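Two complexes, one shared chain (chain A), two partners (chain B, chain C).
This part shows the complex of A and B:
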């Protein structure tokens, strides 16, 4: 034992002797705060380069007529004209409404189904771990894969979806087209998004339900509270911060939703499923109007940022209760 | 039995309402909510036009007032 300690001491003395005295002085001279800054500096630098700099550049571009396909053309400062045009354009207004409808319905369905599934899984029936894994599979797939295979499922001639609907309702499978119909196309996207992201909401709700201590339910049973009363007075209030967190995450994601809509309908038929991100992509990479599309990106950013602020405040209030 | 009422600290009592964090955060939240509803409502284009300014004002206000002391 003593022999080991002696060896460690000798090794430490040798390491200290091998370190150049100037470096020792320099490291010893650093305060704790400076060392902390040294550790977080690479992350800060990375954040500045990949997050802050593009944001500032986008803000700057939003006041210009810059076109990315003509990098050598003269860039003119147009002031607030890009914002003015976007905020008086009825097409952009309709895209915003489409986004809002899409976000509302998909989040409502995901929250209701996700919480119900979490509640059922939390009952801990036989094989619940297996079913949890099965339910989580859609979330693990790539949106590009999901978009492509749902396009096949929605095929009116060979698609499985139409046959399942036909089996339950008796409607002819080829009599309706989910992706080609003006009334059904928005729902087709809501269905796919709900199918893919309900497991995510379920997972967060399950964490919330598992965090409720058993003794609260035991106390409620002693007080002869009915299961219904226990659900509304214990389960829902205690799982609420988790539900709100899931809604916040999904809300922010759905506002930016692009890949699934682009793969399934591409904004069509007509412009019925043209959400804000599709309009943005068309302006930026089809019309090459980089300046106005930067302004549009900033408008969406402010909307999501404002919503997140309200939500975090509400979340804190719920947690303090 | 003596009834003692807890008074707020001296610094808080002197602070006007527009420098208090709680009420101003609530106001900023209301402005953001209003701007959000204006942006996504389907009734009037004029409301949509002014929605961004409202949202931006609410968000900036929220960032500023959330730095006020409790």
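This part shows the complex of A and C:
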């Protein structure tokens, strides 16, 4: 112990001696606040460079006709025309609707299934820890991997999915094409997204359910509340802030959902699964209309930001009840 | 209200036996307090009666009915938990109305409203009926919890240290109110505590629990003046009963086979001695409690603590002569020797 402190002291003295006198003077002259800034400066700098700067640049580009594939062409400031065009373009609104429908259905399914699973796991049956882990596996995979292997599962000739459906319904497996059919393609994405992210919703709901103390249920039991009434008057209201939080996280994620859709359908067939992020990618990196696509990105950003803010206010109201 | 009868009740958790061979009859309208240290099986006894635990042995009868195998809802008991077990998202009114809205009752909205307001007045929370239950202070929450038990008119009230999480002043107030309410409505009440003042002031009968056994049950007076054994004697009395070897202090008559003498303040005579040689002890130190003093006396190296009048005039270091006056005698098996 004594030896240790001695060593640390010696090391400190050596370090002090090795520091150039000018630096010592400079560091000693700094206030605590300045030193604090010195410590957070690298992170702040990084955030500025990779987050704030691109955002500001995108805003600036959204008012121009800039094209990234013609860097030498003359850049004209077009004012609000990009925004005007986008907001009156029916294709953009269709993409928005597609996104909204996609967000709605996948969140609905994920919440219902996730909460049900959490409710079952919370019963603490034998092996519930094992099943929790099993259920969580899809969530741990990379979306790119998930997209690729579901493409195989959806294959009409060799895909397992079609065979399982045919096993239960008797429909010929090669008679339908999940990714190629106009009516089925949106659902194929909803199914994959639900498969992958339901565990995440379950995990958050489980935390909510575990936060409800047993004695509340015992009090209700003594008060002669039926299991049904206990569920609706204790479980749901007390877990609601957690459920809403899960919906918020999934909502934001799904709004900007790109990789899985891109891998599974690429927005097709036609533009039936073309969610906003796919439209954006086509505009920006296929048509190279950098200016208008920047405007589109800003519109999406404001929409998500605004919706999330309204939602967080609602969430806080629920929490304060 | 009804009589509650426990016969040979037993419950183990794994290898530890929480309650063994419990026989207890709580008469209709009686206030019984179970007193014991942590882990004595008090709470388990309550939970067994409520049906929140299933007994391994024995039976529970409420009124005429054997309820041993019934669910909590079928037993018609009310339970007040140690934690404020309010429904946090509901208002005070809705918390109080919760048990009345059970479909088993079929009360109309008007009846529920009238009943809730009555009870809220009784537990003095009627000014907060619209508040959220999470916005209340500890004392108010526990009033609501007690009120929620009272609205029901159950066959028995079970209360598990309902006042233990409150501060001393509030505890004293609610203690009085609880006793008032109980005698007002003639409730059968089984109350668990480790606070001897609560037990002494509220109970018609006190049951002393130790390691899952009911050691003794009787009126507070009986338990205090005629404890069955050393353990019971040590549960009651403040300051703590003095346990001394026979022969340490002079005593007029002593039965045979005494191993320990239990002496409370009223069993000890202290007189000022002129000198150290004339006395048999000296005042070690004095604790001033305001209305009373705790006098700590050293006799042959053993400390004896008793209550004293603050105006008795003793000072630390004073020589005193100490003797015993009809103390409690305990034999080798720790049981009290009754034939003095």
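The definition used in the following text is that the second predicted complex is superposed on the first by the 279 of 321 C-alpha atoms of A that agree within 3 Å, B and C clash if a C-alpha of one lies under 4 Å from a C-alpha of the other, contacts with A are read in each partner's own complex, and residues count from 1 in each chain.
One rule holds in what follows: contacts are C-beta pairs under 8 Å (C-beta built on N, C-alpha and C of every residue); 3 or more make two chains touch, one makes a residue touch a chain.
Note that the coordinates shown come from a computational prediction; the quantities given were computed from them, not determined experimentally.
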First, second, both or neither for A:218, with chain B first and chain C second: second
Touching partner for A:234 - first (chain B), second (chain C), both, neither: second
Touched partner set for A:53, first chain B, second chain C, both or neither: neither
Partner chain in contact with A:90 - chain B first, chain C second, else both or neither: first
Chain A-facing residues of chain B, complex: 25, 28-29, 32-33, 35-36, 39-42, 45, 48-49, 51-52, 55-56, 58-59, 62-63
Residues on chain C engaged by chain A in the complex (per definition of touch): 50-52, 71-73, 77-79, 81, 83, 85, 87-90, 98-99, 102-105, 132, 148, 152
Chain B contact footprint on chain A (complex, rising order): 83, 87-88, 90, 93, 96-97, 99-100, 299, 302-303, 305-307, 309-310, 313
Residue numbers on chain A that touch chain C, as the complex places them: 213, 215-216, 218-226, 229, 233-234, 237-238, 321
